[in-house]
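Letters A, B, C and D mark the chains in the order given here, with residues in each chain numbered from 1 onward.
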């Protein structure tokens, strides 16, 4: 029993360092992790620049191994120190952690699997977890909330844009000849979206009078259509803003939360004075 | 009289399946139709990709006939099962149904009429009718309402944009020489709209100092002008939002409506407990 | 005195036809004028298309003379029938009328002055005067009001955009070399505005690493900056909307106005039951 | 003591002319400075146009020296006439003044340092200080306030855009081959931002089916994302607008401020009837 307690203490210690940011050690761990992620992503980028890779290939490769091993250890510790490891493993961040660590091993054992190395860019998503400690997380959650609330309207909007693009794209395919780039309907649809979103690469551009006329209609349409998502999101922000104003008047709605994370169920966002997890009731 | 009643019953049954989505059969019919429309549109696209058409031409052609025959039968049944067929035939969806079914027959009987095949893309519009059963139709109708309410303002806006484009385009035609792409006034107007809407293909671009200076003005203008439709639509959304808030407070304004469609007058949007059509008074 | 009255009556008659749209004749005059303006602008466009001009040059030229003579007569009648001709001549529409009528005469008498023909596109502005009779003029005036109210803010905005473009453009000129199109500072500024407004022609595009990095910054900046005019105009619309709501509640603020125009002082927007000009007190 | 007073008076006089705009002399000084800045920036631009530089190099160079010497004198006077010169020297405008004056001297003494001449464009920033006297400064400060208030939200937004660009860019690098321009990950990220912000140069454009498909996703994403900063800023404007409305109702919040600047502590924005600096209590 004594061993078990020590064992638990040791696990608790690691849990505190890795999962939380309220102790000095936890903060340092997060900062080191943050820096490592950023450096590692920059290295992945540099690797792809031919001149740099030609010169520093070995150094980059060595460092990549260092980072990978560090991340592997971190991943193992995360599994060990949590009470319900499977919940972590199959959580969003658990999968990101695994998928962004594994590629180098795969490319080592299986030749020709370099394409998996691209997945390492997903490491950037891990930064979001670390940023829990930064003040502006509140702002982010407000943005997310507004976007979520207008999800259905935005879905309808995107749906209409796609239908429109397909019909207009098909029309343009039959109007324009092949040699101006409208070689197939999917390509014409690609062009329509490029035009409707006002991106306008110019790699494909209508040359006939009718093609240019319809292109003009699509542009003005796209120019007007952009008002719709903006209107949706703005209204949502304004609504939220008002509610918050009311909540602030009533005074009791907002409580400061810390970055602790329940060792049993991984729920986050506990009150500063919380002793038990609001979700599973386990001791924090 | 007995035969007539049976006949009516049989017609009612078909009407229920094809026009409504409240019975299991009606739901299944809609789902099958939805899948067929999507597949058929994808096939129209694939047909246009040279490599795919070269390989699978016969299979694609055969499937296209299957879809066309299915749509033809559906069209005939729609006409038979409704009480006032002409009202359906000349309604928006009646015309879409007809026009998106007929092209293959035309191209079969008249050589050189392949261009009509483009019209098949209009089948996508039929999807909107089916989506009656989907929850977010409420969101779509809200969007439509906001856009309809701001119709007049948007018309004024587009009118001003067109006048501006014509004047600016004519000016650019006289400033820029032919070899930079400004070969005629309609083409210059096309360029002006490409610029004003911030699409910017770059297939035509000013080269002279004065041309670039005026292009700069048009860009800044276009950049500012985009604020207008956005402002219009956002205000409309906000207004609607407020009204709905008030309506929700009063409590009695919203009633759930089903997907039934009056067999006499085709009016849609009956209350769940409706026994008579709100429009013509016929039995539902 | 009798002659004078007849004379005045005759002038009044013309004034009513040309300046107002409340009598059947006045309406017809406006419609004919509207059609002529549109046709004449289309002809100016067609003239510039080489193939069409080569074929129909004589017909187009003849019609242009017909239109010009019609506009000349109208211009003279406008001056004769109004009590204070100078007020009209130097008004906005007076200048537009003159300037859009004269070019053909000039090009007839002075060889090499074809460039003045471009001015004919300004005829389109005359359409605005005719549209007085259309319902949506109310909407237009609301748009104008909102834009006028946010004029100062938009000026500040455009001012900041220009300063930013000059500084960024200068920077890009020193970073990028000549052969990628950044041949002078004005040209670099042109590129910066093309980028900042998200037009992006691609005729000039950065090639160096630093150039692309700064281009990236400019793009994100431009992407964010577009929020500013939108925010300004939307707020203005919303404000106006609210005021109108309040005004509608009080009930007495809006009176229908007709399209009459005071024969003495040219003031417009008289009440339907007005007998005297609200501006100069003259009889209507 | 007499000398000292005279000395102080003389300094005060200069301080009034250079730092303030309430006396006729102060106004003239500002206008001359404004014109000189604008001319000098135009000259810097013209210098970069090869044809103009070839013809008028000597004149441009001479004038540049005149401007530089004028700015040098002004800079020295600014330091002399203020009570706490170091505060000015290390203030924002102090640094701008120094940095935009010095380049010509450097390029004179050190060959090959022409790149520093670019810094002269920063002179434009000095215009902001002069514009204190213009009415619309109030509008500008309102814009600034709204942007400041939404700073945190915009930071989150830009952060998400950057993360997204890096992940999407890396993905595109592995999908698209080298010969379409996706030669390295940084370059692919550059392309992603060009697309996401709807700039769309077209110097790099996807050619493969998958590349174009993902490009389509990025465009629609970018098209929707633009709604976010717009929503943020609009809400902020609306909020501010409302507060100002309330303030105007209460009546006592706004007092006219002049352009004086405390000679001791450089604080600006004193009330018209102020006799002492609100910040340090020194006599104005």
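Here is the rule we use: a residue touches a chain if its C-beta (ideal position, glycine included) is under 8 Å from a C-beta of that chain, and two chains touch if they have at least 3 such contacts.
Predicted model only: the values in this text are computed from it and were never measured.
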{"item": "Comparison of B-D and A-B by number of C-beta pairs in contact, larger one", "value": "A-B"}
{"item": "Same-interface partner of A-D, chosen from the options C-D, B-D or A-C, over half of the pairs matching", "value": "C-D"}
{"item": "Same vs different contact residues, subunit B with subunit C, by half of numbers used", "value": "different"}
{"item": "Most distant chain from subunit C by Cα centroid", "value": "A"}
{"item": "Averaged-CA centre spacing for the pair subunit B and subunit A, given as whole angstrom", "value": "33"}
{"item": "Chain centre separation (subunit B, subunit D; CA means) in Å", "value": "47"}
{"item": "Shared interface positions of subunit B, touching two or more other chains", "value": "157, 186, 198-202, 226, 230, 232, 234, 238"}
{"item": "Touch list for subunit A against partner subunit B, complex", "value": "152-153, 155-157, 160, 163, 166-167, 170-171, 173-174, 183-186, 189, 195, 198-202, 205, 209, 212-213, 215-216, 219-220, 222-224, 226-228, 230-232, 234-235, 238-239"}
{"item": "Contact footprint of subunit A on subunit B as seen in their complex", "value": "41, 44-45, 47-50, 115, 117-118, 120-122, 124-125, 127-128, 135-136, 139-140, 142-143, 146-147, 154, 157-158, 161, 186-187, 190, 193-194, 196-203, 226, 229-230, 232-234, 236-238, 241"}
{"item": "Residue ranges of subunit B touching subunit D (in the complex, touch as defined)", "value": "198-202, 230, 234"}
